[in-house]
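Labels for the chains are A, B, C and D, by order of writing; each one numbers its residues from 1.
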Amino acid sequence: MTEDLDVRGGGWLSPEQLDGARESLPIVYVDAVPVRVDYAGVITHVGLLLRARPDGSISRAVVSGRVLFRERIRDALLRHLEKDLGPMALPRIPAAPAPFTVAEYFPDASVTGFHDPRQHAVSLAYVVPIDGDVEVSGSALDLAWVTPEEATGPDVVVEMTGGQDRLVRLALAACGRLP
Amino acid sequence: MTEDLDVRGGGWLSPEQLDGARESLPIVYVDAVPVRVDYAGVITHVGLLLRARPDGSISRAVVSGRVLFRERIRDALLRHLEKDLGPMALPRIPAAPAPFTVAEYFPDASVTGFHDPRQHAVSLAYVVPIDGDVEVSGSALDLAWVTPEEATGPDVVVEMTGGQDRLVRLALAACGRLP
Amino acid sequence: MTEDLDVRGGGWLSPEQLDGARESLPIVYVDAVPVRVDYAGVITHVGLLLRARPDGSISRAVVSGRVLFRERIRDALLRHLEKDLGPMALPRIPAAPAPFTVAEYFPDASVTGFHDPRQHAVSLAYVVPIDGDVEVSGSALDLAWVTPEEATGPDVVVEMTGGQDRLVRLALAACGRLP
Amino acid sequence: MTEDLDVRGGGWLSPEQLDGARESLPIVYVDAVPVRVDYAGVITHVGLLLRARPDGSISRAVVSGRVLFRERIRDALLRHLEKDLGPMALPRIPAAPAPFTVAEYFPDASVTGFHDPRQHAVSLAYVVPIDGDVEVSGSALDLAWVTPEEATGPDVVVEMTGGQDRLVRLALAACGRLP
């Protein structure tokens, strides 16, 4: 998951306080799997953010981040999608509030298979069709649109961490597009 | 549900044969609840088709119809939405194939609360956001956009039949918008 | 929602720290709607916890509580169900991790209709069939099994707070049992 | 899918008429993926029916069959589960009517990936926890309980036809148990 720099003043935690809370409370997250769909709603492509690792290799990830105090899930999805995909992406936030799955990221990778060494994050995961034009920003180098077959193939899977490759498979399965 | 006039030649049943099958097989239907959503995906309005009854009163209904032989659910949704809402409605067919509910319309109204005197219909029900402009056609007089509160209020409910008022409540509930 | 007394030592927050975090982070909750089902899975009754209010009136609520650090959602459901319904209730935790809805309880009641004056809670809500015998414990006086019609009727609704009456309606709707 | 011999007299189609209808109407089916779950609802095993093929090889399948005229989906699930797993299996029919996916079996294997050479079947698919003892009957030789890893491994997949291996993966994904 991307590092979250949205912590600000007001009633919110300071970075030090957030670090403290991260060690003792589950943190609410959202995961958004960006997709392109055809006229009939069938997923044709999955969008994966590319980032450079310190060692020069590439990592891939879906859009992900923390839900802020007094922020609706829907607004957290919009905020993280705009932060990563730019203001012209036109994401289609789902009408239904139920996520397709809940990814429980634990500091211990063996509990659920979803892993985050920094914290216990409970992440509500949604498939979000993207209608507009993507301009990646922040820490991402690019957004790669790959087919469902590519997204579940070994070349892509090896570049994803924390269980996000599995999250993509669960998203495709929920949409009947798991190969 | 609207009368389905799509039965044609080829490998399909003749109208007489379809009548025969309707008396002895469950028929596959789709129900589509048209909605308007805001930028964050929240339903603001529900679209209800208005039709004149023989006695001059008004009935209201969602988009509904039969699935044809060798037709995908997605294509049946598109066909019925275009038939009722016109070619510029730009319906957003869901990426996920699972309906929000299955409405089992029985000739006997007491079994499930969903009722169709002509047949046993198993209807897969979807919420479909409408982005474009609606031009009603066929047997409908108009499409009325009503708020969730209006759609579940007594004035609208009394004008719906077969359990479609309940179907609308289930759709709004699935989207967290049941008052 | 019931007050949560499960905060203990170890890596967890002290009560004072939790109060601090509650003012600046969304807290992860679970809501469990206990139901009785017949042989075919149809909900026949909804279980509502009865509690005495300081003024002597009765309040009703579903099972609800916080998710602890490093606790799975499933284990939080089991813990709160056992705490409120006793050790012989035999709850059927769902196989699927996706909740039927996400109730976002805000300090401001106008945002989502779900309201908690103490905190911003993001609650994953599940329908949980109860097979065994219930012995209420803790702060509840009793568990009342009511029909779907009673659970959505005005007498019961007036005794529920924070939007839990709506949560029950959403649960019944997800199971096709909203009247 | 298993051959369905439930067509009887009364208002139902004769076998010849059913053959006719199968060539011109989509037929309503149910697929039930039997599972064993632990105390917390986590799937530990998937049940696959074993059948002998004419050439002596083994095929594996989930429980599947037609929905009859005036039969509820729930009752069709119970009937097919009892037919294949015996009267003491104690299947837990889901409270929610929405299937985890809709498998559209086409005579043409290229349309959806689900394939039935005899007919166009629209199948509502459910995960069904089995609490009791299984005694296979009818055409099945045995029910094999396999782990999620085994159920999605190459040895099992090669013994499934019509896309049922994919259906099992979608079921496991819906329950967060896809490896």
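Criterion: a contact is a pair of C-beta atoms (placed from the backbone, for glycine too) under 8 Å apart; a residue touches a chain by one contact, two chains touch by 3 or more.
Computed from a prediction, not measured in an experiment: that's the story for all the values here.
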{"item": "Fitted rotation between subunit A and its twin subunit D in degrees, CA, nearest 5", "value": "180"}
{"item": "Interface with more contacting C-beta pairs, comparing B-C to A-B", "value": "A-B"}
{"item": "Equivalent interface positions on subunit C and subunit D, same or different at half", "value": "same"}
{"item": "Separation of subunit A from subunit B, taking each centre as the mean of its C-alpha atoms, in whole Å", "value": "34"}
{"item": "Subunit D: positions in contact with at least two other chains", "value": "72, 97-98, 100-102, 112, 174, 176"}
{"item": "In the complex, subunit C residues that touch subunit B", "value": "101-102, 112, 166, 169-170, 173-174, 176, 178-179"}
{"item": "Subunit B - residues contacting subunit A, complex", "value": "35, 37, 39-43, 72, 74-75, 78, 92-98, 100, 127, 129, 174-176"}
{"item": "Subunit A residues touching subunit C - in the complex, by the definition given at the top", "value": "11-13, 17-18, 20-21, 23-28, 67-73, 97-102, 104, 106-108, 111-112, 120, 122, 124"}
